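Next up, some structures in structure tokens.
Same chain, two partners: chain A is paired with chain B first, then with chain C.
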Partner chain A sequence: MKLLDQDLSFEALNGAVAAYAATADEAGLLAFCSAVKESGGRLVALWGCDERKRGQGFVLNVACGIEKGMAIVSLPLPATDPEYPDLSEIFPAANRLQRAVFDLLGIRARGGDPRPWLRHANWPADFFPLRRDCDASQRFPARNEDYAFVRVEGDGVHEIPVGPIHAGIIEPGHFRFSIVGEKVLRLEQRFGWTHKGIEKRFEQMSLADGYRLAGRVSGDSTVAYAWAYCQAAEALTSTQAPARALWLRALFLERERVANHLGDLGYLGNDAALSFGLSQFMRLKEDWQRLSGALFGHRLMMDAIVPGGVACDLSRDGGEQISSQCDAIEREVLILKNIYDEHAGLQDRFLTTGRLDPALAAELSVCGLVGRASSQAWDLRTQNPVAPYDQLETQIVTHRAGDVAARVAVRFEELIESLRLIRRIVSQLPQGERILPLAAPGADTGMGIGWVEGWRGDVLVALAADPEGNIRRCHCHDPSWLIWPALEHAIMGNIVPDFPLINKSFNLSYSGQDS
Partner chain B sequence: MYPIFKQILKTGIKSEVPPQPDQALRVTAARLEDAMLKTLGRALVIRHIDAGSCNGCEVEIHALSNPYYNLEGLGIRFAASPKHADLLLVTGPVAKNMETALKRAYECTPAPKLVVAVGDCGISGGIFGESYASCGRVANVIPVDVIVPGCPPTPEALLTGILTAISAR
Partner chain C sequence: MSTASSVLLQFLELITALIAAPLLTGWVNQCRAWLGNRSAPPLTQFYRQLAKLFEKEVVLAGNASSLFRAAPYIIFACMVLASTIVPTLSTDLPFGPAADAIALVGIFALARVFTALAGMDIGTAFGTLGARREMLIGFLAEPALLMVFFTTSLISQSTSLSTIVETLGQREFAIYPSLAFAGVAFTMVSLAENARIPVDNPTTHLELTMIHEAMILEYSGRHLALIEWAAALKLYAYSCLGLALFFPWGIPEGTGIFNLLVALPSLAFKLAIGGFLLAAIETVSAKLRIFRAPEFLGTAFILSVLAMLVHLLLEAPK
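Take a look at the complex of A and B:
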């Protein structure tokens, strides 16, 4: 099949997700990426594989979001000196992804930014952990890195370096601010601190148990990752999870969205000096997490989604508890929303602060709730809905202003919509099995794809296995990859003291992008 | 202002009774004298350090400050700098890229330098194990006093661990 009128022949991939794959040469890849850009599409992910043991070379995969779903173009590369054209000219967001691919596999973007991303100076420059023949148990001494930050020069310009350890309960990362007076001229991020070698670790796991690791790529999105992983594993083994399991997965996913939105709304009030908001929303979040713990055995619902189905069921009584809690939380949230809306001090801090222009958001392939607050109308639950979302009529929430206020508004509205979805899921939950056994793949598999709209944005898992069901490659992609660069722009021209507020309004994952 | 006061009054006091210390969580003998513990018990300053966690542990550490666990009500608060801390609350397997930063933070921390290793990752490296990118458990990099199991530990377990670190044996 052809997509976007390009000369590539795509085939629909097996499984629940609307994903299409094609192989291309360099010219075909470039032309396709340009066509995606022109049609209003976006870059979703970019990753590499070492297929040398299977008699091939390396492969670069580029996943794009288009109206029909996900289009994945694979570019075969030679076993020696693998190189591909720099895609950051078309998709600026490719920059960091390309650098990460080089750090992990030694596949280079010709003419691209040569600086490392995940590799600090703590392992050698020619050590590529994701090469199949690389012994990743090797240990190297820690060394200091001299990273080439971009310098801003001029009268009165100075730098503030922040991190990796931040002044709060936050994940580690480094921010380099160039400022004049209080005004931020430029922010440059340096990440990779929490890189734990997750993708290499997957190679020691089987299809049946990898979901636990996927659920720990970014703990606050454990449900989204576990579901995406299971979609991919089920696609590879032609397993169809039972209907009841799919509905319960959506229940968990929406509960995860509500939990995170509640917490964020509290912290956003707090960062604008309304600590009342924090205690109120954190109280609601605690009530919410306690019910998850009581009903599903885990406050974050880790490991609740497993290949073939779900690990826990919902009783009628549990369903009633969920519905009545949704009513109670909704009442409270509406009261608090009113207080936030009417609070002059809060609105003064929120409005026009940290603005991400919609055109820039499109240029940078920004996805998720940050994207939706800047007019980027991407939400898999409405555009490419898998069951049960195809029956739930999810309302997408978008705003145009792109400021902190818009990101707050998106959270409020999505939260209310998720409460509606949860009540509906509970009332229409189909009867039947909650899990089916996962078959062995039986042969060397191609690529299985999982793609889930988590609370932060779309999570992608690309998975391949050998005939016995051992994982050959598992790539987990966090939406934060595509949103972090936008923060560098949103802060420009704002004052340094507004950075915590703006950063919180993005609330991106470090662990998810470092993995 | 009126809706805020009304909401506060309607919410009431949610704080719960804190858990008791659990000496089984100690990995080293208690190092502090009773007189010091009495002071720390009323004013403990914690510096949280994420040394490579998946951020699940952070979700639960945040919960400690909610009205139910009311950490500040117990005289315990989080500081922005290790230089102001009595206790380091360390999460994650120690990512190789965080090894130096964690060691430096530990060096900056004044005595008694209590360290609580949080979560299955902090205790053993957890599911991530040890590799080119992961140094594994926290104790592989800095000395640890108390461990808090769980993935992630519940806020109650975290509180138990913190209170154990400042309890007399």
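Take a look at the complex of A and C:
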């Protein structure tokens, strides 16, 4: 089949996700990407594979989000000196993804940004850890790095380096501000400090085990990752998880969303020095996570979703507890929302701060809740719903202003919507099995895709396995990849002391993008 | 004129300041915790903090100059001096004539200058950032504070704090519009000068938003203890100043044991109320965007000018 009138023949991939794959040459890839851009689509992910052991070269995969779902274009590359055209001309967000692909696999974007991204000076530039013939257990001496930050010149311009070690207990990331007075002229980010080589580790795991590692790519999105992984694994093995398991997965996912939104709303108040908000919202989040721990065995619901189904069931009594807690929390959240809305000092800090213009958000392929606060109406739960979302009638929440206030408003509204979804899931939960055994993958299965709208944005897992059920390649893509660059733009023209508030309103994952 | 008992009283006032200042900060923190639905640290938490810091070794940056090492002692000395010339237990203080209200503003300014210099001394981005912001706050807050003092000096025809407090304390109980304006202005200046919400946030860990904390990030050990203690003394001095100017009842003029028995409980009572009100203001306020601080302090300045005008036009003896 054809997508966007392009000369590529797409095939629908097996599995729950609306994903289509095609192989293309360089011209075909460029033309398709341009067509996606013109049709209002976006870049979702970009990753490479080493297929040399299977008698081929390397492969570059580009996943784009279009109206019908996800279109994945694969570009085969030669085994020696693999190069592909620079896609950041079309999708600026491809810049960091391309640099990461080079750092891990040695596939170069022709004419692209030559600076490393995930690789710091601690491993040599000609060492590509994700190549199949690379021994990742090698150790290299720790070295300090000379990274070419973009310098801003001018009268009175100076730099503030912040991180990677911060005063609070948060993840490591380096922010280089170029400022004049209090005004931020430019922000440049430098990440990669939490690169753990997760994708290399996957290659030593079996299909049935990988869900646990996937659930640890970014702890606050463990449910989204685990579900995406299981979708991909089930697609490869043509396993259909039972209906009850799918509904329970949606319950976990919405509970994860509520927990994170509650925490973020508290911290947003606290970053404007309204610590009252923090203690109130953290109290609600604590109650919420305790119930998750009591019912599903883990406060973050880690390992609750397993290939073939779910690891824990919900009793009638548990369902009633969830429903009544939703009612109680909704009541309190509405009161707190009123307090936030009516607090002049807080609104003064939120409104117009850190504006991400909708046009710029579209240009940068921004997804998730940050995107939705800037008119980017992408939400898999409404646009490409998998079961049970096809029966839940999720309401998408969008705002146009793109400032901190809009991101706060999206969180409040999504929180209320998720509470509604949770009550509905609990009341309509189908009976039946909660888990089915995972079948063995077929002879040559190709790619399995999982794509889940986590609380931060869409999480993608692309999976390939050999017939024995061992993982050949597993790529986990965090939505933060595409939203971090937008933060560099949202801060421009704002003042330095507003950065922590703006950063918190984005609340992106370091671990997920470094993985 | 100084008698042995007034010297003793002066000494007692110094000791009271050193002991009570950490308690006041501890009390404000307790109230903040309670008002925010959190369980509170003990009242003596600040003492433990100081004890811990005095035990710890001092870690100095390689390029720290002697100014960096001297600054904590200068700042601490400034705040000790400030707390001893504010009449708290008696107005008959031997140190009183040494510094009047205007000199007091100068003492605070001296401490500020050294804090800012020390912040810049190491050469980190945060220290300079904090110093710059502190100076922005300082140059706006000082004129407003001076205008408040001018108003009270006009009322009492003297810039000596003891005389001001005696005069104000002896007036019959009535609401004086000029003092009401001056009181509001003084409260706003105090919030800014003591790095409290809504101008600064003393509990934040976000370096980029800090003002006072950014300047002292590089301090450790006994240096940090002295600076923290000085900050507590500053809050205490400002609180006592506010109480002495606007609620002077209970500060005896004489020396004597009986006077002390009145003065101490009334001071503790007034400080407890004041600390609670400070915590209440901090709980219901968000921090201002930093460029709103000039508007905030500009308002304080206008109120203090209004106070003086009101006094000149309505209250001055014809």
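The working rule: the second predicted complex is superposed on the first by the 513 of 515 C-alpha atoms of A that agree within 3 Å, B and C clash if a C-alpha of one lies under 4 Å from a C-alpha of the other, contacts with A are read in each partner's own complex, and residues count from 1 in each chain.
The working rule: a residue touches a chain if its C-beta (ideal position, glycine included) is under 8 Å from a C-beta of that chain, and two chains touch if they have at least 3 such contacts.
A quick note: this is a predicted structure, and the numbers were derived from the prediction, not measured.
When the two structures are aligned on the shared chain, A:Ser279 is found in touch with chain B and with chain C.
When the two complexes are overlaid on their common chain A, residue A:Arg420 makes contact with neither chain B nor chain C.
In the superposition on chain A, contact is made by A:Asp271 with chain C only, not with chain B. Within the superposed three-chain model, A:Gln138 lies in touch with chain B and out of touch with chain C [touch as defined at top]. When the two structures are aligned on the shared chain, A:Arg299 is found in touch with chain B, with no touch to chain C. Applying the stated contact rule after C-alpha superposition, one finds that A:Asp498 touches chain C and leaves chain B untouched.
In the superposition on chain A, contact of A:Arg52 is made with neither chain B nor chain C. When the two structures are aligned on the shared chain, A:Glu159 is found in touch with chain C, with no touch to chain B. For chain A, the partner touching the most residues, choosing from chain B and chain C, is B. Once the two complexes are laid over each other on the shared chain, residue contacts for A:Phe127 go to chain B alone; chain C is not touched. Taken together, the two complexes place residues 167-168, 276, 279-280, 283 of chain A in contact with chain B and also with chain C.
Those residues of chain C that touch chain A in the shared complex are 32, 35-38, 125-126, 129, 197-198, 201, 203-209, 217, 283-292. Against chain C, in their complex, chain A makes its touches with residues 158-162, 166-168, 182, 269, 271-276, 279-280, 283, 343, 345-346, 348-349, 495-500. Of all the residues in chain A, the ones that touch chain B in their complex are 120, 122-123, 127, 129, 136-140, 142, 144, 164-165, 167-172, 192-198, 200-201, 212-213, 216-220, 222, 263, 276, 278-280, 282-283, 285-286, 289, 293, 299-300, 302, 335-336, 338-339, 342, 509-512, 514. Across the complex, chain B meets chain A through its residues 3-4, 7-8, 11, 14, 48-63, 65-68, 78, 80-82, 92-93, 95-101, 105, 126-134, 151-152, 154.
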